[in-house]
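A, B and C label the chains in the order they appear, each numbered from 1.
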Amino acid sequence: MPGDTPLVQFVNIQKSYDGEILVVKDLNLDVAEGEFLTMLGPSGSGKTTCLLMLAGFEPATYGEIYLKGKAINKVPPHKRGIGMVFQNYALFPHMTVSENLAFPLEVRNIDKSERETRVKRALDMVQLGTFGDRRPAQLSGGQQQRVAVARSLVFDPDLVLMDEPLGALDKNLREQMQYEIKHIHENLGLTVVYVTHDQSEALTMSNRIAVFDDGIIQQCAPPQVLYEEPDNAFCANFIGENNRFLGKVIEDYGDTVKVEIDNNAGTIIAKKVKVEGVGVRCTLSLRPERVTVNPEPGALPNIFSGVAEELIYLGDHIRTRFTVCGHDDFIVKIPNSADHAHLKQGDTVNIGWTAEDCRALDPSD
Amino acid sequence: MNKIFKQALLAVATTTIVVAAQAETTLVIVSWGGAYTMSQQRAYHDPYMALNPDIKIVNDDSSSEGASKLRAMVEAGNVTWDLLDAEAPAAITLCDEGLVEEIDFDTVLDPAPDGTPASVDFGESIVSPCFIPQIAYSTTLGYRSDIFDVEPTKMADLFDLKKFPGKRALEKRPDPNLEWALIADGVPVKDVYKVLDTEAGVKRAFAKLDTIKDQVIWWTKGSQPMQLLSDGEVAFGSAYNGRLFQAIVVDKQPIKMLWDAQAIQLDGWVVPKGAPNKAEVMKYLRFASDTQRNADQAKYISYGPLRASSAKLVGKHADLGIDMAPHMPTAPENMKGAFFFDFLWWADNKDDLTERFEAWLAKG
Amino acid sequence: MAIAEAQNEVITTADGVPLKISLKKALWQRKKTALLLVAPLFFFVLITFLIPIFDMLLRSVDNSIVAEQFPTVVVEIRNWELNSTELPDEATFQALFKDFKAGAIEKTISRLGRRLNYELSGMSSLFRKTARKIKKVETPESATETMIALDKKWGKLETWRLIKRESGKYTSSYYLSAVDAKKTSDGSISMKDEDRQIYLGLFWRTIKLSTAITLLTIILGYPIAYLMATVKTKTSNLLIILVLLPFWTSLLVRTSAWIALLQKEGVINDILVAIGVLSDDGRLAMIHNETGTIIAMTHILLPFMVLPLFSVMKTIPPSYVRAARSMGATPFTAFRRVYLPNTIAGIGAGGILVFILAIGYYITPALVGGTKGTLISNFIAHHISSSLNWGLAAALGAILLALVLILYILYDKIVGISNMRLG
């Protein structure tokens, strides 16, 4: 999918609003043509600011943004040719749906018949062919969302920016819209830069996810890499659920390390990802679904005895809270398979995991 | 100024003490405000309150709208005024309409010191059975003494924008502007009302006023023309001669008086029908209209007393010590060219002409 | 709650009462509460607003004073035709003498003279003169001769036609006067003489100046409201205080300040002369004319435009303009096509508020407007408080009220009243 030159390049971008705090610190990011890139992060992490700089609504304090290889810092928003979908859709309430869609074509002086054809095509694309004469206020949230997407695409922009576009929808609708947007992206071969704070949304839709925190991209990688192999403790925590142990490296085996958990609660063999040398402190990160209950003795390098403190039945899995190695917030997802372990509150059982699944990361916090 | 201030303070202090000491009757006396009310305060109110500690006199400066406000009060059935200082024509109309009391002069008022009954002492100035005369005043012109090379000398100069450019402040009512317009247009003073009584005469007066209309600022309260003259905002201003006296002689403003074609008018008291303290007010009137008091007012303002017996008593200004006689509108030097305001004619024609005047003004 | 059972015909609640009746009962309680909540304000508005307006409308046609002062005359004059070329008969003159003398002794007759003078000039002086003389006259043999001897106007058909015409309980003459028309002596309606026409010109001027003031407040208020809606709350609070400042100074202080600033020898002229923009004789006349009225009233009414605009703009998300810009609209196009249409509700609300306040304003124009800057309300005030022609004041007020209502209806038709937002 990626072309030769990236469609968008952020080079050494810095941004400050008040001259005291940098909300974006030295951002470098490329977006390839046809890519669906998501900027993910908690609020205040700088992701929306990056989007606004790209759209041209905020000037970069330092650095240069390139679009198709051309510096665009001095290009006003209306000349950038970038489509945008806003969190509250920003449909013009005084225009009908068709007028909203025709607006970008009108300001480009496209003649009337051409305009009508393209508006109709765009409405059909989002399955709202008969809603052209309605006002935005007469549409449901999902319909408005579709109109907003259609409007951002109707003038065939090179790039579409979406700023938390699904934030106002309820859960079911949100998931349905995620697929619709994904399909439109795939069918039209669009380049999309998408901003969200919802990690499952990011995982569902993106080719690549840039995780923002504190004005810095913590990791930029495809979803499965980000989930399976987080680079640092922030990414591990932010994406998906995660059990954490804090400890100190006591032995280094090259690919793996042996870590002693604080308070002498035991030692764990973990994959060496972002720790260097014996004696340094580190965070161990372990996904709840990678824990095995009642493993064969000796089959796994890490086996501990744990007490089941709480069981929550969630249908496809049973979420169980254990006390293990002195931590009483150790979560295990037991899949609801035919032969899964049947536990009761207060049972003491063995639980274990592989060294690969337990990643030794930087000692954040 | 300082002395006036001290006396005012003294008056306030006395009043306060009196208020504290006595259960009292409050008389609401409506007059014209400013220097005029002050002269009444000092000549009548203060001495009367000193003699009668149970009386408190409150001034209300509403006389410029006195007749209409009184009508409105009577319509509403709530008269709050005890005594109204009114011009003769207003007194006549109010009397015709039964809104003010008729007065039996010789029982209500004291005779002159030589025994002449009040009705004779006041003589012709009793223009209505409801009107207790007080002073003669005139509406005349003041002008800035610092802007013209040749100073104006006659009423026609008010209408001569070429020789005497600048704004004019005139009272927002037909009288005596219509008379002045005719005089300026060449009508002899004695024929003014004869001419004004005809439709052609009224048209002629308005036509003359038209020539300066866009240079006129119309005033409604006696203090406004003085302010406009002091600020240099107008070159001429019509005003009551007492106010002009105050500005020229007392406050030393660069203003001069033009006595030509001054309209001599009468001012006096009327007692509203339904006045809350009628009995007390009659006692007050007896005091305030006696020969000495009537003459005393002239110590403070250049208005002439209307009792024949008071005329001889007019002396010097209370604060400045200057002779008041030459400043009176009735001084022979000032009377050349003056005319007497025709009260009866205006009482009969005021409604008509006011309406026409308003229409004329609104034409813009 | 009762359970509704599905039955063949009527659905009832558990106790067998039909569902509809139960529902009505339940809702009645709510309605009663609502009525009780509204009642105090309703009575307040009724007493302080609706009844006075009704009274005003009544006064604008009320003519009972003629029948009160001329109780016998209005009866006798029924026998006399309006287009008759002869004077009424002796009986009518006798009635006139009787009523007039009674009124003269009561001192009430001159009020009727004032009333009739509104229709025909000279009536007031006729009544006053006659009243002064008639008290001394005994009941005469021939009232016709006596009355004409008292004043020859009693022998004129014009006088009698007026009395005949105005002898009814109600009159349209106040409304005619309010639009500079009159009934001629033969009963037809015509415009007044050129030099007696006031009100049509004043209505026109009032509308013209109010429109100018409204437009000025929009031009001046729109940018500031936009700024207030887009800056930080702290800054916008400060701006609101500045905008509201005119409200916190007394009207007279403010107006005096305008006079000091705008007059010929005032601050602004002094500065312009000092920096050489104007020559000393070329000082601008900015007060005691239309300019003065417009400046002072625009200042006073500006908050009424800014606040609704601000409250509307506050609700417009910045993303609207951003969306338009991202779609290729220049800043101006984005403003014209997207921002401006969304502020129409505020412009409408502010505009209608300012306009209605402006056409009813009278203190400020009276103080700074001179004669060219006075408005119709000044004349309403004049007729209420100084000429005491309340009938005419009421008629003028009623016409003004009608104008406002027409405006309101037009606004509703064009913009839609439900779109109006005041804050």
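Of note:
Please note the rule applied: a contact is a pair of C-beta atoms (placed from the backbone, for glycine too) under 8 Å apart; a residue touches a chain by one contact, two chains touch by 3 or more.
The model shown is predicted, which means the values in this text are computed figures rather than measured ones.
Chain contacts in this assembly form an open path, with each chain touching only its neighbours along a single line.
Of all chains displayed, C has the C-alpha centre closest to the centre of the whole protein C-alpha set.
Averaging Cα atoms per chain gives one point for each, and the point farthest from that of chain B is the centre of A.
One simple way to say how far apart two chains are is to compare their mean CA positions; for chain A and chain C this gives 64 Å.
As a whole-number value, the distance joining the C-alpha centres of chain A and chain B reads 90 Å. One simple way to say how far apart two chains are is to compare their mean CA positions; for chain B and chain C this gives 34 Å. The residues of chain A lying in touch with chain C in their complex are 55-57, 76-84, 86-88, 90, 92-94, 103-104, 107-108, 151-152, 155, 161.
Remark: chain B residues 65, 68-69, 71-72, 75, 93, 95-98, 167, 206, 216-218, 231-233, 347-349, 351-352, 354-356, 358-364 touch chain C in the complex. Across the complex, chain A is touched by residues 317, 319-320, 322-331, 333-334, 337-338, 341-342, 344 of chain C.
On chain C, the positions that touch chain B within their shared complex are 106-108, 110-111, 114, 117, 121-122, 124-125, 128-129, 131-132, 195-198, 201-202, 205, 263-265, 288, 370-372, 374, 379, 382, 385-388.
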